[in-house]
Amino acid sequence: MNHLYYPGCSLKSTGRAYEESLLAVCATLGVGLTELQDWNCCGATSYMAIDEVKAFALAARNLALAEEQGKVGPGTPTVDLVAPCAACYLVLAKAQHCLEENKEVGGKITAALAAAQLQYTGRVVMRHPLDLFTNALGLDAIKAQVTKPLTGLKVACYYGCQIVRPYATFDDQYHPMTMDHLVTALGGTPVDWPLKTRCCGGSLTGTVQEVGLRMSYHLLKEARKRGADVLLTACPLCQFNLECYQDPMKALFPDHEPLPVLYFTQLMGLALGLERARLGLQRLFVPFRQPVGV
Amino acid sequence: MSDTPAFEPRIVAFFCNWCTYTAADLAGTARLTYAPNVRVVRIMCSGRLDPQFVVTALRQGADGVLIGGCHPGDCHYQEGNYKMLRRFHLLKRMLKQFGIDDQRVRLEWISASEGDKVQRVINEMVAQVRDLGPLALVGKPTPHPDASEKHAAA
Amino acid sequence: MDEITRTVKYEADTDPHFAEEIAGIARGETLRACIQCGNCSGACPVSPYMDYTPRRIIAMTRAGFKREALSSTTIWLCASCYNCTVECPKQIRITDVMYALKQKAIKERLYPKRFPVAVLAREFSAAVRQFGRNSELWLIIYLYLKTNPFAMLKQSILGLRLFLQGRMGLKRERIPMGTGKKGDLQTIWNALDRADR
Amino acid sequence: MTKPKVGFYWCASCGGCEEAVVDLHEAILDVVAAVDIVFWPCAMDFKRTDVEAMADGELAVCFINGAVRTSEQFEMVELLRRKAGVVIAFGACAQSGGIPGLANFTSKAAILANVYEDTRTTVNPHKTYPQATVQVPEGTLTLPVLDETVRALGQAIPVDYYLPGCPPPAKLIADAVGAILAGTLPAPGSVLAPNVGVCHECTRKETKPEKMLVTQFKRPHQVLIDPAQCLLAQGLVCLGPDTRSGCGAACPAGNMPCTGCLGALDQVRDFGAKALSGLASVLDAGEDAAIDAGLAGVPDPAGTFYRYSLPASELFAKLPE
Amino acid sequence: MSETMQSAEPRVGVYVCHCGINIAAKVDIAAVVEFAKTLPYVIVVRDYKFMCSDPGQELLQQDIKELGLNRIVVASCSPLMHEATFRHATEAAGLNQFYFQMANIREHVSWVTADKALATRKSQALVSAAVRRVVLNEPLEHQKVPVKPNVLVVGGGIAGIHAALTLANAGKQVTLVEREPTIGGHMAKFDKTFPTLDCAACILTPKMSMVRSHPNITMLTYAEVVGVEGYVGNFTVKVKKKARYVHEELCVGCNECVEACVYKEGRFTDTFNEGLSKRKPVYMPFPQATPSVVLIDPESCIELKTGKCKKQCATACTRNAIDFTMTDEIVALEVGAIIIATGFQTFDATRIPQYGYGKFPNVYTSLEVERLVNASGPTGGEVQLRDGSTPKRVGIIHCVGSRDEKTNRHCSRVCCMYSLKLAHLIHERTDAEVYNLYIDMRTPGKGYEEFYDKLLKEGVNFIRGRAAEVTDWTVTPEEEGKLVIRAEDTLIGVVRRIPVDMVVLSVGLEAHADADEVRRLFNISCSKEGWFLERHPKLAPVSTFTDGIFIAGACQGPKDIPDTVAQAGAAVAEALALVDRGFVELEPNTAFITKELCSGCHTCIAMCPFSAIRYNKEAGVAEINPALCKGCGTCVAACPSGAAQQHLFTDEQIFQEIEGVLNYV
């Protein structure tokens, strides 16, 4: 299985461990990821606030590059583009919708791409790694490779907003379960909790910190309350907000107790028996010390 | 803008009395404005649609023909719409042989409650046929008057 | 009460085209269908911090209260979680309306000055425009310089830790710009700019 | 008493209609005895000048077969129209365009290109095409010019009667001649054949099932045809129900489906569209895919339904590319 | 009417209606009049404010008499609106009514066209078509067919009950068919009715017993209509009576069998109690069930599933009413009219997952709470939580599955009022703090606003805002262990979190899931949402597009009990008008075959779904029985030789109409 891979800016810095663990896990599972060459920023939510057409043009350039590098044509009618960052995933998907539905915006963007000898013909399939693992690869294939099952580990699966909203493409909008099923396949125990898709604060944690902190604090508190040993995320910004800000969180909410926050790929890697360093676990602010596979 | 008036297509519609004609009435009652290019001929059932009506309309100057009937299974006469569907399939294939674009002859199932669909379908079809331009059928020689008329004139 | 303010709104002070304009930017949104049920506000995780709830922003936009809507903190506090959009019983894409209001606010220079979210958006887009990619460290530095330089000191510990853990580098992420070759992002920018003019 | 003068002429046709006259067998002797054939280029040596020499209306009846495609044909039929009291469009080509009329599915340019350039056996490096006029030392030579489209006779000149068929059945010819001699011709404009479908005189009529429904249309070469049962009921594309009778259902009697040569009934405006309607209506299929599969036995609907009547049809010709 | 006048050359009169300003504002009437004057055979053209008014009709009648007109064209509204009016006017002036033709320049032109010039041009084209067509119109007569006197009522809720009783009281023989084992419908489940708070059972059960005992009513419960054939006045209906495994005529409803069942306790979901209690395989749906007859559920009965039961029930029955060999049976009915009163279903609350129905045990639907507050319900009228405790705080969420593009767009019309009723009953019985979360409070009805006023004064809390979610995520100590409703209090403009013990979801009313099949069965139409479509929303609210079939109650759209009963009465009036007249006039637009032209090809015979065409072997041609022909014209289109034609829709008439509509500049 070969897929094009769109890391996005965060996976090259704050979300480095996400990339490290994803690539390590994919290598172990035999899932080929080829990084899209010359990719640019997806546009993210911030660009959308400035100029929508340009934001979608940014996304469209990546989609066009994917078609070109994915050699879309007869025999290869579509190409999968894997975007691990929830924001990138949504922005790229949203751009696809816009290009399809809106002739006016689509026309402008097509013309601009043409100036750079690029074109996008609607043949890229956006995939989040959760989708890739559960639907393309299949949980059975993963289960078969688990060497250190997460027996006894209680996991709060946190999906965040943008992989289920506004488009519910591969999971339920209200009660997403792909990550829970994945954790079960890895031998762990997902906890049922009500805040799976509640916002972590997004970029507010960096801008209007007290607002963002409270939102993250409540998520962690509820996860703990439901007995979770660890919280899993599927987005670099969620992980950053929930993990790196636990010190200021403690300062603001004295009853806060630290909770390790991992990328789901990191936990997958542990269950597959990969070394901690390959999974970027040393980069955590709140260390995850719980032994697995015992 | 050029001085010559833009092409406005003429479309003849055959609507069944029970579903689509009623839906068109409903579109009226609901004041749903749509393109004025369509002229509706009422038939009791889309099953009454004789392909002769379609070719006649095209010959007489229609740039498109719209056929509206009840949804499959909803025919007031049980299955007149299905009977027509069979003719429609063969007719479409034949019209293609005459070089007549697929979009010019259209079949839509529109129920009595779908006034909005009447509006949408008509607007859509008028736009499509407008893009296609006039249906330039090869001029058919007018049949000469019967000898009887000739003699009468003489 | 410190001060008594008079809050009548004259029709002359409203912008009758505002709703259509915003609906246009948000691509065909049917603001007029809003029944003011408040589901958006109820579903919004940030609404307790907003000066107007999302529902009121929709009402104000619809009524042409342009200045109030554009200078609200609400639009900048929207975290783009799309909960309102998914929940709206009238299927109004409220998140997109918020984006439209943000775009309009920046264009009209009506956003709250030094309000970090608006500044972030501008700095972010400037960086992406120049380099094609975003470098989080540099973005944060610019953000604090523009909003609250003193707060940067408070954040420096976090920054240092990130740096030490290898989660933030000094390197600027960038792609080649202005090569004029196939796929050049600069060529795309230029084409879009020309189209804008 | 002078015998009435009669003429025969052919335009775009195969010659079968001329054969049909001879098919009267010994009855033709009665015809010859009763009339004076003054013009019949196919059978006897007459010249155009002979016709031109006649007084207007001198010919009592002129039988013209074939469609009109060339300038010469048009000149001749106009001339004959002037000279003849009664013009009878003789055969399917004259009546409604016939087989030559199928040329309206293609253009004049394409036909010429095909004949003078494209066929494999043609060597024409200089792209030499026939010219309407050419100068030779002896003077100017002329050739007839091909019209853009094929016309039925009635679309070229006023026609008094139509004698349909490809070729017209002997009985209809005999009846027509008898009516002419007896002065019992019907109202001008009439078709000289019964106004009822072929099934009416088909020996297979009684084998029709009460409900005529077919799930799959088939072509004659695909099935072993039951020699007694209704052909349509067997799924064969038989146009008997659509077509005027008078032929004694000759094709079904020969175990082949009717192809519609006697043309439309009086009350039908467009033979092909009506025939299409009748045929598709008996298909017993509901869903789109089943309909298409059932109709696969009609690979060329336009050719099937307008085999003899394209110029007389509402659509007349294919749209130019 | 003189023969000579009608056979003479056509003399057409054209009348263009202004319809007040409905047409005149969008169509240049004068231009249409001038255009019509240029059309062949047109003798006179007039315009008038309201052609359908008496003076309007007199206008054309006078012209028929004075100008010798023999063809009439009125350009006005849809023929479905006023064709009958003008036909009668034509007939009254001595001209056969089918010498009349209508051009629809209101619904199809003035109401749907933006540009006046284009609307005028379109009107001209339609007038041209009508004129060309009317010239070919022929005189026709309506055919009279007798009407069968009996009436079928489908659905045994309050609408069906009221309709059946009223018809029976008028002396008609009525068959009432109900799908459930008992009549009573939703109303039988309610405790009180708004706004009077009178007991539902007290007003319903007497009517139910009257149905049972009325000599003119045949009640078929646990039965479904499976086939409808025929036409107005002459329907043949097939009803499937499902096997109860209990002989109705023998059972006296003593419940001895239920007592004797091998199951000592109820084990199976009691649907009448909305699943809040359990029943045995043999059961009485509820104490006042009508007929008062038990039935055996084949899905749970051991004998019926395995044949290995002690059959204590059968032994206990002294009247030998239990019969395990019983099978479904088909009953055929001959009726003249049918009233459909099949009611509604409530919205499935699991479709809105954020309200937690099915996930949190103490989230209830309003119908469940109806059973909870009902004295004969599973808790004997006690409002209890699942653990048996009494709620102290209750939230009632309005508009669940209503006014929502993702579920149902419509307002269900009764939820505000029943929510107020439930708020009152819960408050009254438990003294709980009750919160109503509503979008808009809709109380238009006699005594309704007064009821709202009463509730306000009772101290029930009202929060204007659509609840965003019900969650067990708690933030403050007071929320611990409770369900929290999050919503914006839109009148204050802040988001509130309301901790409650019980959530009541005021579910909306929907068309039955199988409404589509039912309407196909009866050959009527329904709206996109599945509500049966009335012939005209204002002027024919209980008629359908199929003559002889009427609709009543919530199957037509959400409505409360008073409106339902009123509509049932209206449907009865329509049915009586039909049945008592004794005959119907059929449209003469039947198909016919000219036998000289028919070759006997058989194509038409299979086209007819009504078996109106048969082959006459002696003559060798097909023949159409006009009494069976319903005038679809499918055979006409199919007829390969043009021998089949349709009155009012001959090929030539339609060709003329086609040429007419294309005749404009």
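The letters A, B, C, D and E name the chains in turn, as written, and every chain counts its residues from 1.
One rule holds for everything that comes next: contacts are C-beta pairs under 8 Å (C-beta built on N, C-alpha and C of every residue); 3 or more make two chains touch, one makes a residue touch a chain.
Because the structure is predicted, anything quoted here is derived from the model rather than measured.
Peer 1: Keeping to the contact definition above, tell me which chains border both subunit C and subunit E.
Peer 2: The common neighbours are A.
Peer 1: Can you name the chains that touch subunit B as well as subunit E?
Peer 2: Chains touching both subunit B and subunit E: D.
Peer 1: Ranked by contacting C-beta pairs, which pair of chains comes out on top?
Peer 2: Looking across every pairing, the one with the most contacts is A-C.
Peer 1: With centres defined as the mean of C-alpha atoms, identify the chain lying farthest from subunit E.
Peer 2: Farthest chain from subunit E, going by C-alpha centroids: D.
Peer 1: Could you find the chain whose CA centre sits the greatest distance from that of subunit C?
Peer 2: Of all the other chains, the one whose centre lies farthest from subunit C is D.
Peer 1: As a quick test, compute the distance in whole Å between the mean CA positions of subunit A and subunit C.
Peer 2: The answer is 22 Å.
Peer 1: So how far apart, in whole Å, are subunit A and subunit D when each is placed at the average of its C-alpha atoms?
Peer 2: Going by mean C-alpha positions, subunit A sits 74 Å from subunit D.
Peer 1: What whole-number Å value describes the gap between the mean CA coordinates of subunit A and subunit B?
Peer 2: About 52 Å, centre to centre.
Peer 1: Touching two or more other chains, which residues of subunit D qualify?
Peer 2: Each of 268-269, 274, 277, 279, 281 in subunit D touches at least two other chains.
Peer 1: What parts of subunit B, by residue number, touch at least two of the other chains?
Peer 2: 50, 52, 56, 83, 87
Peer 1: Pull out all the chain pairs that touch, please.
Peer 2: Final set of chain pairs in contact is A-C, A-E, B-D, B-E, C-E, D-E.
Peer 1: Could you please specify the touching residues of subunit E with respect to subunit A in the complex?
Peer 2: Against subunit A, the touching part of subunit E is residues 353-354, 471-473, 475.
Peer 1: Can you list the residues on subunit D that touch subunit B in the complex?
Peer 2: By the definition above, subunit D touches subunit B via 86-87, 104-105, 149, 151, 154-160, 187-189, 268-270, 272-274, 276-277, 279-281, 283, 285-286, 288, 291-292, 294-295, 298, 300-303, 305, 313-321.
Peer 1: Can you name the residues of subunit E that touch subunit C in the complex?
Peer 2: 354, 399, 403-406, 439-440, 464-469, 486-490, 493-495
Peer 1: Considering the complex alone, what residue numbers of subunit E touch subunit D?
Peer 2: For this pair, the touching residues of subunit E are 596-603, 605-607, 615, 620, 634, 637-643, 651, 655.
Peer 1: Provide the residue numbers of subunit E that touch subunit B in the complex, in ascending order.
Peer 2: My answer: residues 78-81, 104, 106-109, 111-115, 118-119, 121-122, 125-126, 129, 520, 523, 525-528, 533, 545-546, 589, 607, 609-610, 630-634, 636-638, 646, 649, 651, 654-655, 657-659, 661-662.
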